[in-house]
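Okay, so here's the structure we're looking at.
Every chain is named by a letter (A, B and C) in the order it is written, and numbering of its residues begins at 1.
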Amino acid sequence: MTMEERVWSDVEAIRAQAPLVHNITNYVVMNNTANALLSLGASPVMAHAEEEMEEMVGIAGALVINIGTLSTPWIQAMHKAQQAAAAKGIPIVIDPVGAGATRLRTQTVHELMQAVSPTVVRGNASEIMALEQAGTGAKGVDSQHGSDAAVDIAQRIAGQHDCVVCVSGEVDYVVSAERQVRVRNGHALMPRVTGLGCTASSLIGAFCAVNAKTFDAVTHAMVVMGIAGEVASVKAQGPGTLQLYFLDALHNLSASDIRQRIQVEG
Amino acid sequence: MTMEERVWSDVEAIRAQAPLVHNITNYVVMNNTANALLSLGASPVMAHAEEEMEEMVGIAGALVINIGTLSTPWIQAMHKAQQAAAAKGIPIVIDPVGAGATRLRTQTVHELMQAVSPTVVRGNASEIMALEQAGTGAKGVDSQHGSDAAVDIAQRIAGQHDCVVCVSGEVDYVVSAERQVRVRNGHALMPRVTGLGCTASSLIGAFCAVNAKTFDAVTHAMVVMGIAGEVASVKAQGPGTLQLYFLDALHNLSASDIRQRIQVEG
Amino acid sequence: MTMEERVWSDVEAIRAQAPLVHNITNYVVMNNTANALLSLGASPVMAHAEEEMEEMVGIAGALVINIGTLSTPWIQAMHKAQQAAAAKGIPIVIDPVGAGATRLRTQTVHELMQAVSPTVVRGNASEIMALEQAGTGAKGVDSQHGSDAAVDIAQRIAGQHDCVVCVSGEVDYVVSAERQVRVRNGHALMPRVTGLGCTASSLIGAFCAVNAKTFDAVTHAMVVMGIAGEVASVKAQGPGTLQLYFLDALHNLSASDIRQRIQVEG
């Protein structure tokens, strides 16, 4: 199969299997993330009570942990959920939102990754750099560093945790200890919509739930994110309409959209 | 009056009275639920601090409790709010999101209903079945059972609690101990938008606030939900735009929309 | 410079500087608020953990505190954040959502303002009146009072705290101890979208971050809110589409939009 056929095969598998993706995510993006998963064909659940983490992970096909609006009880639930996910053997995706901006965030994601090695980490360049070393001067949840600068660090993290790291930005880098690809799909208006990075992490969860080749699953998810953004941008007149047309584009995505637009290098 | 005239009479009453609907609901849907209530003409409030439950219920015309993203402090607030609502005599709507998926959810909704009998319960087939008996194999917040299978259980619950139960799905069943109607309005794209079930529960709250005949109020709310979805689907090109056009449709709903589209049997 | 030139100068400064606006706000509006700040050109962060308040304020250009969905841990974080903001000297905007509706809300905002005088307070007439005196019969988060009635109270509060108070409604009053202007921009459909008042408060934060003349910054923010609403209403067919076109309008706002539409008196 060509890469575009493999991307499409994953999309069809998600639509057929509707994998349940359990998200412990931030308040800002919950609605959009749930809608993006539904539009893609997956089945979202958002839950954060420590008491139900084991059971919820027990019926899930992937776990996505996003630290965007942290507090102590949620951190405890994140730990419990990833232990359950590791025991069950389902993929764990970590989204280190704002790592580097505060010690709470940097330390929380560090402790989560020390406790259980994730399957995938996806963040912008600042966030990925903060995973290796605090004090990069990350300003909130924005990226101040080019993606390129973070790729070396991503590769080291991938090696340490035997995981796949995605450094997203104008170009998305998908990195393992041995491999690297660059996904050039996407549109300049996408960073003007809050939480599309968080959405990418949740879509990665859906792709990993149906494709055990993690590197491919992450790459395919980023291709689909970028292409849906491109399709949406054709009609969008700003960030407001882009957000909605993005969901429509995920729902209506076709094999020919992928064939015509896919841009992956390396 | 014909049924379509009674539906319209309730819509006009909501627009004229703007009843305050107090929602203790989940993080995922708060924004959409508030917007749906506003678009219909009601007045939403979302509040969950135990300290303000009595006062907030004191100025509300209906209380809607939705267990979609539970945690201990919220459960305490739910109990306090429904006690205040029962004391004041305003309608209580329970939405048992994900009941059956985890013990926390099944048990919480069970305890809420044992403490105070609700006025209305609305859920999908799996959730309603979980109210009678745990272990139905509910997978998250999705329904795996046909609505039909849940109607007998709904009727028993309605009898036990002297309440109205709505089993929503492709066909919505409105059930009391003695009666049953089927609402056939709606559109296949609606389940692809997160939280439209939660929205239905909140609209039921608004209809119950202006119409003391609970069975009729629930039926009318489900008719309006379904018709707004149908109107929205005419222009929608996917789940993203459906969500927005749905709000526009609620705002612009006319007597003739209802007359032309209403589909209620039994 | 004329006023329209000064408004535009602030918009250009926000787009150039992308000031980080730290929001401790309610669950209902977080997504929309973040998107409005991004569409305007600012950089939003939402965070509420007490442990990270000092660091997050440390990298922010303004702090916005919104009491829409209160609970004890959040109140503690609000106090900590405003102390850090006062120590750093960045603007603090208070949005007293639902003040007057419950003692928890009225008291919380009272205590916040006694602990640290805010730079700006923005609310509807009921909320502003509740700041001076409980028991105005405020019904939830809606305004039952004309804005005019609240202006005298706003002026007293502005004098006591040496701050600017904005009483928003059909006409927005911007009030200091010595001055008053009325912004007549806006559209009748805007109150049918949840949280546009909260959005106004966050945009005020962005304008204050780039313009040290607080009275002007607040006035300019309300002009931009109102004009974006007007531009959005041209295409909107209801509250659903208005919400999206509003974001597009913020993103596409031009000097000529402001020149042609600005309506400020006094």
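Throughout what follows, contacts are C-beta pairs under 8 Å (C-beta built on N, C-alpha and C of every residue); 3 or more make two chains touch, one makes a residue touch a chain.
Quick caveat, the model's predicted, so the values are computed rather than measured.
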> Same or different: do the copies subunit A and subunit B touch each other through matching residue numbers, with over half of them shared?
Replying inline: different
> For the two copies subunit B and subunit C, what is the rotation angle that overlays their Cα atoms, in steps of 5 degrees?
Replying inline: 120
>> Report the inter-centroid distance (CA atoms only) between subunit A and subunit B in whole Å.
In response: 32
>> Multi-chain contacts only, two chains or more: what residues does subunit B have there?
In response: 27, 31, 243-244
> For the complex, which residues does subunit C have touching subunit B?
Replying inline: 26-29, 31-32, 68-72, 98, 101-105, 139-142, 191-195, 236-241, 243-244
> Okay, in this complex, where on subunit C does subunit A touch?
Replying inline: 18, 20, 27, 30-31, 34-35, 38-39, 43-49, 51-52, 55-56, 59-60, 73, 243-252
